[in-house]
Each structure stands twice: as C-alpha cells, then as structure tokens.
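Structure record follows, encoded as structure tokens.
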C-alpha cells in the first residue's frame, strides 16, 4: 500500500528550519514522489538581535532549497520568535498553529518530540496538539513524532519523556535526497562526530531500518490515530 | 480511506473465545463488511478436568455463532491449555503462534494487552510478538492491542503496564453486531454492573468514541508499525 | 462507611467553571448528601477582551445554579485570568491557592489532572500541590485527581502523564444530579459525540462503575494519602 | 479519624514470615490497638531439603511471637513452597489466595510490592490481585503495597516497577512494638548496615514520617480504592 | 578506587543555598578530602522585596560558613532571581549556566532533580542540561541528580518524574561534617519531624546507606555518563 | 581516566554466545587493552534435540575464536539449557549465577537488558541481579545493561521496559576488533538489513557515538552504582 494512501494530506511542523529534514525528510520525499499533498510549517523565525539578519536570511534560503530538493512546494512560516517560545503566552503561541491546522486540514501530522531538550520543540508539540484536538470530524487522523538528532537524545530520558521509536517508515528510495536536502543547510551541517552530520543521518537510517528489516528508515513515536468510517 | 486498505490481511488473536469479540468485534465486523481477509485465532481450549467437556463445547458453539454474526469465516484453534499457559515451556507455547503467523501472513495483528491481569493474556501477547519479530520483509506491518473488559483494568496499572488507548476505530456501523455476537456467548454474558455485559460494552463504545468525536469506537494501544515501500 | 467520614472536609479545585462538575460532581453531591463540608474553588475567571463580559457572566450564573443543584454552598473564586495561567509568574499564581488551602483547611483535595492538555489545568494542579505541601500537621490527608472529558484524554499519554484511574467512587445515587448540574451549563453542553455531552458523562459513569462492579462511578487517580494518628 | 474506621477488616499477606512485620508491622499494631479485625496470611512455608526442618520451625515460632507482640491473633498459613512460587502452576498458586480472600472478606488488603526482586513476592502480589478482582460487591475496597527492606530496593527500578511511596501511615505509637516484633525474628535480624536491622527500620520510619511531617511512618504504594455507597 | 579519580573536576549546582548541602554535602566533603577540585554554583539569590535584604545576607553568610565546613573554596553565584526562574525567558536563564559550565569545565555535574516540586529546581535542571549538551569533547562525563528533602518528595510521583535512587555514595567519613554544614544554615534548620532537620538527614543517610550495605550514603539518580578514551 | 580504573574487575554475562560481542564487544576489547581483568560468562548451552550437536559445537568454536580476538581469556559456561530458562525453577537457574559472582567478585557487571524479547535474556538479567544483591561489601559496584540487536528492540517498549541509553563508552579504538569478533560467528552473521550484520553494528556505533560527540560508542542503560570509600 502506498504511504500516501495511508497518510492522506500531510503536515509536518518544524520548530526551526532543518528539523523537518532531520526528522522526516525522507518520509516527506517519499510522500511527494507518491503524489501526496505535503505541507511544511516552520514555527519560528530568528529575530534580531539574537539572530543576525544575514544568518536568518541564509537559513531561509537554505530551507527553500532543501524543500525544493524534497519536492515540497507548500512551505508556511508561522513567524514566531526563535528560541523564545517559552517567553510568549501560550494563547499567542497557540493561535497560529490553530490557524495553520484549520487551513491545511491535514490527515497526518508530523511533530517534533515532546521530550526534546529544546523548549521550542516542547512548545511546538503542545501547540500542535492543542490545534489537533479531536473536537470535530476533521481533526487529524494520525499524529506522529519524529526524532531530531541533537535535540531528542540530549534531555534526561527516561526520567523526562523517552523517544522510543515504534513507527518505522521505509526511506530507501529517498535517503540520498534527504541527505542532499540536509546538505543544503550549509550553515547547519557539522562534521562527524557531531550528530548534525551526513554520516550520522546515514547511520541512523541504517539503524532504524535494520531494526525492522529495512535498508533505510526514519523512526517515529506514535501519538494518536483515529480511523474513521 | 477504507480501514481494510490500511489494515490489509488481519489476524486477531484471542487467549480465550470471546476476548476477540469484547476487544475488537466491532472492528472485525467493519473489516469484513469492507471485504477484508480476517482470521481469528483462539490460543487456548479448556481441558478436562478443569473445564467440563460440555462447558467447553458450549463455548465453542457460542464462538462459532459469534464469528458467524461478525462474518469471520476463518477461525483457527491453537488448542493450548486454557488457564495454563504459564505452566508450559515458552518454546512449546511459542511454536503454534509462529506456525499461525507463518500461515496467515497478516499485515495487521490484533492482540490482547500485555498488562492484562490474566497470565494467558500476557503469554499470548509475548508469543505473538515473538512470532511477529521483524526478521524478514513479511513480518506484520501493524500491531495493536485491544482492551478486554474484566482483564485489562484489573491488574495494578500504572505500576504494571497501563492500557492507554491511542488508536480509535469507528465502529458505529457495527456496534449492534458486536453486541449481538457477544450475546451469542450466553455462558459468558453477565448482568450489569459486571463488565462483561452489553451495557458496559455499549457505554465503552460511547466513551472511546466521543473521546475523538465518534459515536462509537473501539480503542487500541499501538505497538508497532512498519510502513514498507 | 460513609464517604464523608473518610474524606472529612473537602475542597475541589476547578481551573474553570464546570470542570468540577464534569470531574467530580457526583462525588460532591454524595458528600453533600452525607452532610460533609464541601468547598468548590474556581481558579480562573474569563477576562475581557478574550472572554466577552456577557459570556463570563452567563457562565458564572450557570455555575451558581450548578452548585446549587449539587448542594454546594461554599464557592470561592480565585479570579486568576482564564487561559493565561502560564503567563503569570508562579509566585503570583501560587499565592491565592496557598491562601485558599490555609483558609479552608481541607482534609481531602480534589484536583484536575497534571497531564490534562490545557495549561490552566497543569498550573492549577501544580499550584494546589505547592499549597498542600506536607510541611505541618494540617496539610491535606488525601489528594486525588479527577478526569475532565475533553482535557484529560487529549494530550499525548503515555508519553505525557497518563490518567490511569485507581480510585472509584460510587455515584449511583447522585448521577442524575450530576447530569442536571452539568445541564445547567447551557453554554458548555455539546451534542454527542462531543465529550462534553450528557451521553458521554452517563456512559463514562457506567464504564468507570462497572470496572469495579458499581452501577455508576467517578474515577480518580490517587496522588497522596497521609493517615495521621 | 481512626485508621480502623477507614480500613475496616484488614488482611496483610506476606510471602514469607517477617515480610509483614518489616513492611506494615507498625500499621497492623496500630489497627489492633484501635480494635480492628486484622488477619495475617503467610503465603509460603520452607520445605525440606531446601529449608531444614529446625530452621522452619524456628521461624514459625519467631513468627508466632512476633504476631503476639503486634497483637494479631488470626494468622493463616497458605503453605505454598517457599522460594518456589515461580515453579508451580499459577492455577495452583492462585487457589489458596482465592480461598483466603473469600474466607476473610477483607476491606483492606496489604500486599508485597510487585517490583520486589524476589519472585515469591511478585507471585504473591499477582495471586492476591487475582483473588481481589472486583467482580462482586465484596471485593476489597483498598489495596496497598508495603515495602520490604532488602527486597523492594534491589531490583532494577525504574526500568522494573519502582516503589514510589504515596500513602503514609503514622506509626509513632507503635514503632517500638514493630521493632520488638522484628526482634522476635532472631534468625532474621542482621547487624546494621544490613537492611534487615533495627537501625534501618527505625531510620526508615523517620524518613518516611518526616516526608509528611510525622515522627514515624510506614509508607505504601496505592493500588486501588473502591468507595462504595 | 578514589571517588575523586572517578569524578574528576566536580560542579554541584544548587537552586538556592543549602540545597547542595542537603543533597550532596557529604559527597562534596569526601571529594574535598580526597583532593578533588570542587565548585559549588548557586543559581539564585533572593531579591527585594520578596526576600528582605537581611535575610538574604544571613543566608549568604550561612552558606559561606557551610562551604567552609565542607571545605569547598570555589563558590559561584549566578544571581538569578530566587523563586522567579519560571518568570524569566529561558534564554536569559540559560546564559549564566552555559557560561558557568564553560568556565569550570566539570567532569561531573551534580544537579537538583527534575521532578522536584519547586520550579526553580526544575529550571535549574533544564538550564544545566542545556549547558551540558554533549556537543563537543569537553562536555561533562557524568551527570547525577541529588535529592533535596522537602522538594524531591512533594510533587506527584510517579505521575510526575519519580526520584528512584540508583547511585549510592558512601559518606560515612563525612556525614558529621554534612550535618555541621547544614547546621550552619541556622535560618533553614527546622525541628524534626520537619524534613529539613538533622534527624531526617541522619536517618536518610542510614536508609540510603543500608540499602547497599553502607553505614551512611547519599543517593543520586543517574542521568548520563560518557566514558571517553 | 582509564576505563579499567573505573570498572575494575569486569564480568560480562551473555544469555547465549555472541550476545556479549553484539552488546559490549568493543568495551571488553578496550578493557583488555587497558589491562583489565575481564571475564565472560555464557549462561546457556544448546541441548539436543532442540539444538543439533554440530551446531552447538560450531557456535562454541566461533565463540572461542571471538573471545580470542577480543582478548578475553577467562570464559565460563554456566551450561543452563538454551531457550529454556523459563522452564526451569528460578532456584536452579539462580544457583550458578550466584556461584559465578561469588567466584569472580566483579566490580562491574555487564548484563543483557531486562526488556529484551527473549525470555532467556530476561531470566539472565533477573538471576544476575539476584546474585548481585548488595548484601555485603563485595557486591558489584556498577551494573549496566547492554543492548543486543534483534532482541532489545523487538518487544513492546515503552509498554514493556524501554532501552533508553544513558551510558556511552568510546570504542573507536576497538570497533574493528568488535566487528572481527562478530565475524567469527559465521553461523550467526546475517546479511544487512538483518540487524545481526556488520553494517548494522557499524552504524549503531556511529549513532550511539555521535549522540555524545564520539566517533564510535557502545551504549548501555545504567542500573546501579555503589561508590564505596
């Protein structure tokens, strides 16, 4: 069965540009190849003076190129302040997520993991879950969390929430494109053994894949499924 | 999207006859209605002198009638001894489950919950998971645990594993048939407020359903998904 | 044994009006019937412009009528800003809870669940626990969390804290009054299959009840008991 | 309020003689002082050749003396084989526990902890929970687990179930009798810093007590409460 | 093996003065005795008007005296506002912790527990973990959480993170000095059965010690170890 | 600091030959290189007719060669029956582990993970923990669990115990030898994408390593540390 048949309309939400590539770039590319409707939403944008203007613009350019490589043509910026989601009231933070989910009406939601060490990730997760509350029959059917190297393993699991992968998606056909898309983030790529390196991403795909007899996979943690009539 | 498209070939495994109806009878009926291949396997059979012959035969007749009501035509008996799975070596217990999964080659596996108080449920779960190990590309894609009233809530959660429902399947179209199938187990039906009563099953469907804005649902706990190319 | 003998003086704290009815309205009514001292405290009040004045006034009227139906005569408003508890400093948030607990000196505290998706619920729980710290011999003896349909099941359990009910209180004698009290919240009642509907509350009472052989029950999650001499 | 009013008829189940004193000896003595009906059941008895006859007889004598010190006059021996509960079929293991609970009809059940390292403790817990299933209106109302020094802290928590105390019972008036009763087990008392020493029991009472502003307490982990009309 | 050989350069971080003595005073004294490099950092300082100037100055004097008793000569004040860490943006909160860890370059980090009820403890933990992210080869090798009486046991474990001790450090040789150092905090010492009393600390040392056959120990919860070449 | 200084005398226990190489072969090789005392104990041996004699002998030869490559010269066989640990009484199963730990007197114990799907792994863990109970001052100081590809990820985490790595050991200098040692098990090596393949082991080393800025690491889950004077 095609992944796109199962997932329907897909919305991947990233706290910052590149999280969506690290976490589910291969899956998104596979969905695009299968003809699925895919939207990427980026929750935050760097603001001066914390983030210099040129740096922000560079990352945005890199992101556009990465999304082009993946084949995603619908990218939305929520423009919340990067590294400051904890500092704005939840009501203000939640509003653009609610608007986003109302606009996109995704069947499947791909989110950062609630136990990531970065508060932006935790608040992105919470705001997305609030937006996805199953209060009506259009709420998303499937919600999954992706893993983000350098955020997901650096908190204090299992005392803080542990990422325990239980959904594995074959990305053998798109792994190279994922790596190419990540490579587009010249400002973010780091030399191995930093986690944000192509070597780690490739090794991770092999580890997640072979856990379930696949050559390459991205792993997710299941949150909720609603299988309507 | 049709549930049968998502689930493919389905195998529901019950420790004892009626667990499969209590836990996922509405889902199985919906799958049958959609034309899916559905197999029910019952792990144990009562043995004399613990279980009198007439009682065992009665339950088997009730089961056949219940499966007919649900519309399942492929029922398999593993014929392990009821209430004694803890007392046989794991190797012997595992073998018929391995054979079963090899024969049926299910895409989706519906299992009792590992935290149920009854050891037969716990060992059925373990043996099924051993049989479903993802060692080759035919291992089941989706594994879910159903809840069994009077077993799932009677251990010591959250110190023992807690059933936390996170997959909800709409059974509005088949709830009445589920109740009818359960009614076929005349020897097992109990008057409310016992849990094994039609009133509880109906209320549970409303509770599980309305949690996600459905009129009636069965709830499951997700174990593992492998989404192959 | 009478519930009121076990619970002594009872304080139920609700983040917003109606949470206390949804979560423990039947229990409170039973306690009132037994002659117990029962206080309800509502943590927040809607503020303009987020909440229009008429709406706030309507909800307050509904609340007063609901409490009258339950028979609770001591209702206290902490008047913190609704939907904004995350945005005020913890010190300011904690103060009225500390004052409340000092004033009421409850033996039993009924709280919203820490894993509810709404931050107001999470902060109400935390502030109440801070107020109930067992630093002296008057600290509350029993602390329980109630479940609130449409908040308790909508986060990401079991990765976020899971509500696993382990205290069941018989409300057969007061279920109808609970439903009537909830009906008083005309602005909050929703048609089934929304969770905030009489049908869901009635079904939930049957499910929670029959789990322990009762006709109707409210379920709680135990937090702490101190059984002094 | 008197503890005996809350607990009603009490049944404490010990895997081996002395577990009940280590875990809840002070609580049992307090209940006896208040006039409660208290029964102690000991699940296992040492069998030759694993346990020499004289040793078994000595322990039984010590136990009788300890129970006399506590003031418990109803002691029941289930006479299952010590250190071998894992090796007998669950059905055989469960039967005497079911009979026991049917005979005693306890309101409150005090059990060893499911995460203790000793399998006899784990199986005693499971068999007791099976016996206490809430299938009728006489099932026990309150179930608590006590902690047993040298068993409860020696497994692999939090990966295996962790004893997290959340019920604290004041034993200031009976701590000395608990220590005296433990002292009666001359064959079991060990010199500090072994855990089975009077110094550890006394220190534990101070630690568990002062956590909730009591001079001395025994701590328990809550399992289930049913508060009937 | 000497503890100082295993721990290398040690940094203990306290939310408020005295937490480090309560949690790991005996361990720090032992490390000093062995000649280790030990730094204590105190995250917050009381600010007017919440904390009167004299009170703050008294606590600081007490702290200096306590550190002198322990033998720690390197004390650093991050001077964040006490009881207000939740109210400042994470970025501002994190910065001094990052600076601290960069300056001290500790091999071992001793932190308050993430599940403590006081938000200052939770935010100190998070900010320290952010500062200790293993992004380069100088990140701390060992991270442990200590327990703080009157904070660690007063939240809602196991629903909130439970302190489950799994690292036990022998402090028999320094227990008296730990008690003396705590005694230096005249403004903080409370009479037993308050937890912040010498009796509780002494009893806790015996309980934590005898759990692993030591006369006196401090217990920690392990977070992360990196054992480099 | 040298790993061997921290770990002292090391005992790695494997349920079956090759588990110790998969889980901690690189760590053992590093310890040998540093001059540490290292013992490997293999819990089970295949028995006819389940395991043909030639197969058993081949595996034993492979094992001896693998241990020679790692440099371990002290290998001990407990000779319990493979795939049957669940079927022998715990007392019989525990005895050789107790004898082993008494003989070797390890400072550090490396064990399979309690949540592995294979019951032999679970029982090996339990029997080892019983043998390592801290009843005297010679009990092991450090206990860690290693991960075994094809066992550790195939149960039902996080409902069953989840392997959450929190100890990372640099094996850059010995990774090739680990792979060579695994290659010695010609009968066990499988082609990628099976997990028991050199590709997976190499990728796993990169993933576990780069999580903490190492080129290659083995990951463990911490169980207990006792840091004596």
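Chains here go by letter, A, B, C, D, E and F, matching the order in which they are written, and residues are numbered from 1 within each.
Rule of thumb we're sticking to: a contact is a pair of C-beta atoms (placed from the backbone, for glycine too) under 8 Å apart; a residue touches a chain by one contact, two chains touch by 3 or more.
Note that the structure is predicted; figures quoted are calculated from it, not measured.
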Q) If you check the contacts of chain A and chain D, which chains show up for both? A) B, C, E, F
Q | D-F or A-F, whichever has more C-beta pairs in contact | A | A-F
(Q) Matching over half of the contact pairs by residue number, can you pick out the copy of the B-D interface from C-E, C-D or B-C? (A) C-E
Q | Whole-Å separation of chain centres (CA-atom averages), chain B against chain F | A | 36
Q | Multi-chain contact sites of chain C, meaning residues that touch two or more partners | A | 134-135, 154, 158-159, 166, 194, 211, 213-214, 223-224
Q) How about chain F: which of its residues touch chain E in the complex? A) 1, 3, 5-6, 8, 30, 134-137, 139, 166-170, 172-173, 211-214, 222-229
Q: Write out the stretch or stretches of chain C touching chain E in their complex.
A: 89-91, 114-115, 125-126, 129-130, 133-135, 145, 161, 221, 223-224
(Q) Show me the residue ranges of chain E that touch chain D in the complex, using the header's touch definition. (A) 149, 153-154, 157-158, 162, 164, 166, 192-195, 197, 199-200, 202-204, 206-207, 209-211, 213-215
Q: Going by the contact rule at the top, pick out the chain A residues touching chain E in the complex.
A: 50, 83-84, 86-87, 117, 119, 150, 154-156, 159-160, 194
